[in-house]
Amino acid sequence: MKRIEKRKITNLIALSASILCAALGLALLFLILYHVLVKGLESFSLGLFTQDPAPPNRAEAGGLRSAFLGQGLLTTAAVLAGVPLGVLGGTFLAEYGRDSKFCRLLSQLCDMAVSIPSIVIGTFVYAMLVKPFGGFNGWAGATALAIIILPVVIRTTEEMMTMIPWTLREAAFALGAPYHKVITSVVWRASINGIFTGILLAIARVAGETAPLLFTSFNSSFFRFNLSGSVPSLTVSIYQYAASPYESWISLAWAAAFMVTIMVLFLNILGRVLIKLRTRG
Amino acid sequence: MTTTDSGVELMSVNNLSFFYGTNKALSEVTMPIKKNRITSLIGPSGCGKTTLLRCFNRMHDLYPRNHYEGEIVLDGVNILDKSMDLIKLRGKIGMVFQKPTPFPMSIFDNVAYGLRLNDIGNSSVLAEKVEKALRQAALWDEVKDRLKQNAAGLSGGQQQRLSIARTLAVDPEVILLDESTSALDPVSTQKIEDLLLELKKEVTIVAVTHNMQQAARISDFTALMYIGKLVEYDETETIFARPANEITERYVTGRFG
Amino acid sequence: MKAAGLKNNIFKIVCAVSSVSILLIVAGMLVTLLVESLPAFREFGFFNFLTSSEWNYSQDIYGARRPIFGTLLTTALALIVSFPVAIGTAIFLTELCPEKLKGSIGTALELLSAIPSIIYGMWGLFVLAPFLEESVQPLIKKTLGNLPLIGSFFVGPLTGGVSLFTTSMILAVMILPFMTSISREAFNQVPPILKESSYALGATRWETMSKVVMPFTRLAVTGGATIAMGRALGETMAVAYVIGNRHAALDSIFSPYVTVTSVMANEFNEASGIKLSVLFALALILFMANFLVLSLSKKLLGSRS
């Protein structure tokens, strides 16, 4: 009789502890979002997109237009390099190499590459593209980001294409289409939503990357439409301004953090919606 | 094979209805469960036989928005009562599922699981009870030399007998079987059927089965269900030889739907 | 027909080359890191470099012991704090949470694990660090600080919260959503019939969770924790703000310290000569450690099925 009471009490305590954990964990995580939102909105102004940072401790904090531009340039260049390479590579793994051991090894390697600490990628690109060329440059930054994108896109493409049933390809073969036609006109079309979601998530990931840019594109305050020389980015700007002793720069950092968070969340939600649409249709 | 004396009533289902949310899955079922007898619940799939079975150990309570109406009386108590202690109830009424469900632990620990919950601390008593349960489930000779091995290594039929031993170990009054041989080969099925006929000397058995030959072979009483209702309940012989209801007749002669 | 065959072959080759690019990059990375760190290993000796706690700018002598120890210690503390909270939250989400909230909380967790680490770092610097120093540090000092022998380890200077402790906590918060998501997924994959079997024997929810569900998901959950460990090991931005990057013996968990990544983030850009090689050696160590951790997690996750 007593034993059963004890068991029930243990159960109650353990389950209460789990509720407490959930409350604590979720509260902490939402607190982060809350602070970024509140502090970000406080410091937010349209000038953020149009002005350069003001010298410290002026009434006006100025803006981060060059960082927005630089971030855009770096990301675009990285996507242009990483996405086609990734989609084609993933296509090979899913189609031509689907039974090859070597290709399975490549898939595994991609899984590993996805989790290489991004700062290590930064040092690698520094050795390849910064040291030999005598200085920080945007091309190096874009390369570092592309290296982060590549394995993510390869794996998503591979997975999405493998999910397409073989009978669909047979139907196209039966009409006399060569394999590359079958891939480009049938398999890609059938898996486009999934692949696109993978690309969005990869972009979301690089949009928040800071460490690989520290030693590659670094930072600059020049507003230039050019990737040679140092290129500013939102994330490196956050890193430097938040560590500064000046109120006005710190508030710029919050504004930038707010923008980066919004962008990353937006891309993630968009990706999710796309996947939902696919599974429904 | 079937006994013809009517037996003592252990449980009585009175006017039982059950709802998944607003969906009425059982309508006003009334039937007895006789002590030390095997009662089969048969009927086409979706007829509510498993739903009824899961009322006996209040399995439905694990999921939200379900509710019962009516009563199931055991030892003078309505087990559907809100204040019913489900932990105690499930110690009294055990259940064996459609598929074998070995827990991720050794054969011994599997059988000892329910005993340990109730603090059988004395290890020699524990070992004794485990052995007894394994013998009752006709599994002892096959596993006595490898009690410490993981239960996942047993064959499907052995795993199902292990599930039965695990249920028997806590000394239940009633065992509920939910199509417990449907995933097994004929030899394992035969073994379990023999086992049940042996077990009914000590416990009361309620079995859901989709296999009418099985119901005819092992059960003393049979209840035929159809669309959430009890169509006919009687001694198994009567149900199969001289059914009173036309639906029952069509079902047991295989001319259904 | 022939033209089609040719086109197919060209397409195939282009795809093949693209897929091999990842091999070239990873192999290139390994070779580059090896080559660049060679001078450091030659200068200090491989084993001596790993175990020396020297970090002397004026004499150009460096050892990796403190950064490695700092990385291991912060990661371990983060896991110790985060793991039980993640498991508790996952239990709540699979067993107790009202059906309506389950989906949205699950999605929220996945979104939160996508938030960049620099955001966690910034929040750690401005919100968590001061809070921990004002509220948690005195509490720990009053309790654990009185322990014999190791008590002084829990009493530390006031640094604005810049410390090994804050670093571990921010890492714990950062890996929390991922660990929770993966534990939740693992719990959800337990066949309902297995849980019902436990309930049918009269087990309580907690007994079913602790004795059946957790053993059943042990490999998947530790595999997930291993991946989280990999993330914490290589994390830079969440660490860089709050660790302090101080090369000195660790006297208290409330003192600033160094990690592999904090040294790299703070000192790489001004480094040259042997110092630069030392930092590449740290990158190589991180690369290898991550490889090991990931292989381990693959093994854990793969051996389940």
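By letter and in written order, the chains are A, B and C; residue numbering begins at 1 in each of them.
As a convention for this text, contacts are C-beta pairs under 8 Å (C-beta built on N, C-alpha and C of every residue); 3 or more make two chains touch, one makes a residue touch a chain.
Treat the numbers as computed from the prediction; the structure is a model and nothing was measured.
Enquirer: Considering only chains that satisfy the touch condition with subunit A, which of them also satisfy it with subunit C?
Expert: Both-contact set = B.
Enquirer: Which two chains have the most contacts between them?
Expert: Looking across every pairing, the one with the most contacts is A-C.
Enquirer: Among the chains here, which has the CA centroid at the largest distance from subunit C's centroid?
Expert: Using the mean of the C-alpha atoms as each chain's centre, the farthest one from subunit C is B.
Enquirer: Closest chain to the protein CA centroid?
Expert: When every chain is reduced to its C-alpha mean, the one closest to the whole-protein mean is C.
Enquirer: Determine the centre-to-centre distance between subunit A and subunit C, using the mean Cα coordinates as centres, and give it in whole Å.
Expert: Comparing mean C-alpha positions, subunit C is 18 Å from subunit A.
Enquirer: Can you work out the whole-Å distance between the CA centroids of subunit B and subunit C?
Expert: Centre separation, subunit B to subunit C: 49 Å.
Enquirer: List the centre-to-centre spacing of subunit A and subunit B in whole Å, with centres computed as mean CA coordinates.
Expert: From the centre of subunit A to the centre of subunit B is 53 Å.
Enquirer: Specify, in ascending order, the residues of subunit B that touch 2 or more different other chains.
Expert: Only 87-88, 117-118 qualify.
Enquirer: Which parts of subunit C, given as residue numbers and ranges, touch two or more other chains?
Expert: 204, 207
Enquirer: By the touch rule stated above, which residues of subunit A touch at least two different other chains?
Expert: Expected reply: 7-8.
Enquirer: Which residues of subunit A touch subunit B in the complex?
Expert: 3-4, 7-8
Enquirer: Please output the residues of subunit B touching subunit A within their complex, sorted ascending.
Expert: Where subunit B meets subunit A, its residues are 85, 87-88, 117-119.
Enquirer: For a test of understanding, state which residues of subunit C touch subunit A in their complex under the given definition.
Expert: 4-5, 7-8, 11-12, 14-16, 18-23, 25-26, 28-29, 32-33, 36, 84-89, 91-93, 95-97, 105, 107-112, 114-123, 125-127, 173, 176-177, 180, 204-207, 209-210, 227, 230-231, 233-237, 240-241, 261, 264-265, 268-269, 279-280, 283, 286-287, 290-291, 294, 298
Enquirer: Which subunit A residues qualify as touching subunit C in the complex?
Expert: 7-8, 10-11, 14-15, 17-22, 24-26, 28-29, 31-33, 35-36, 39, 84-86, 88-93, 95-97, 103, 106, 108-113, 115-121, 123-124, 126-128, 147, 150-151, 154, 178-181, 183-184, 201, 204-205, 207-211, 214-215, 218, 235, 238-239, 242-243, 250, 253-254, 257, 260-261, 264-265, 268-269, 272
Enquirer: Given the complex with subunit B, which residues does subunit C contribute to the contact?
Expert: Interface residues on the subunit C side: 98-99, 191, 193-204, 207, 211-212, 215-216, 218.
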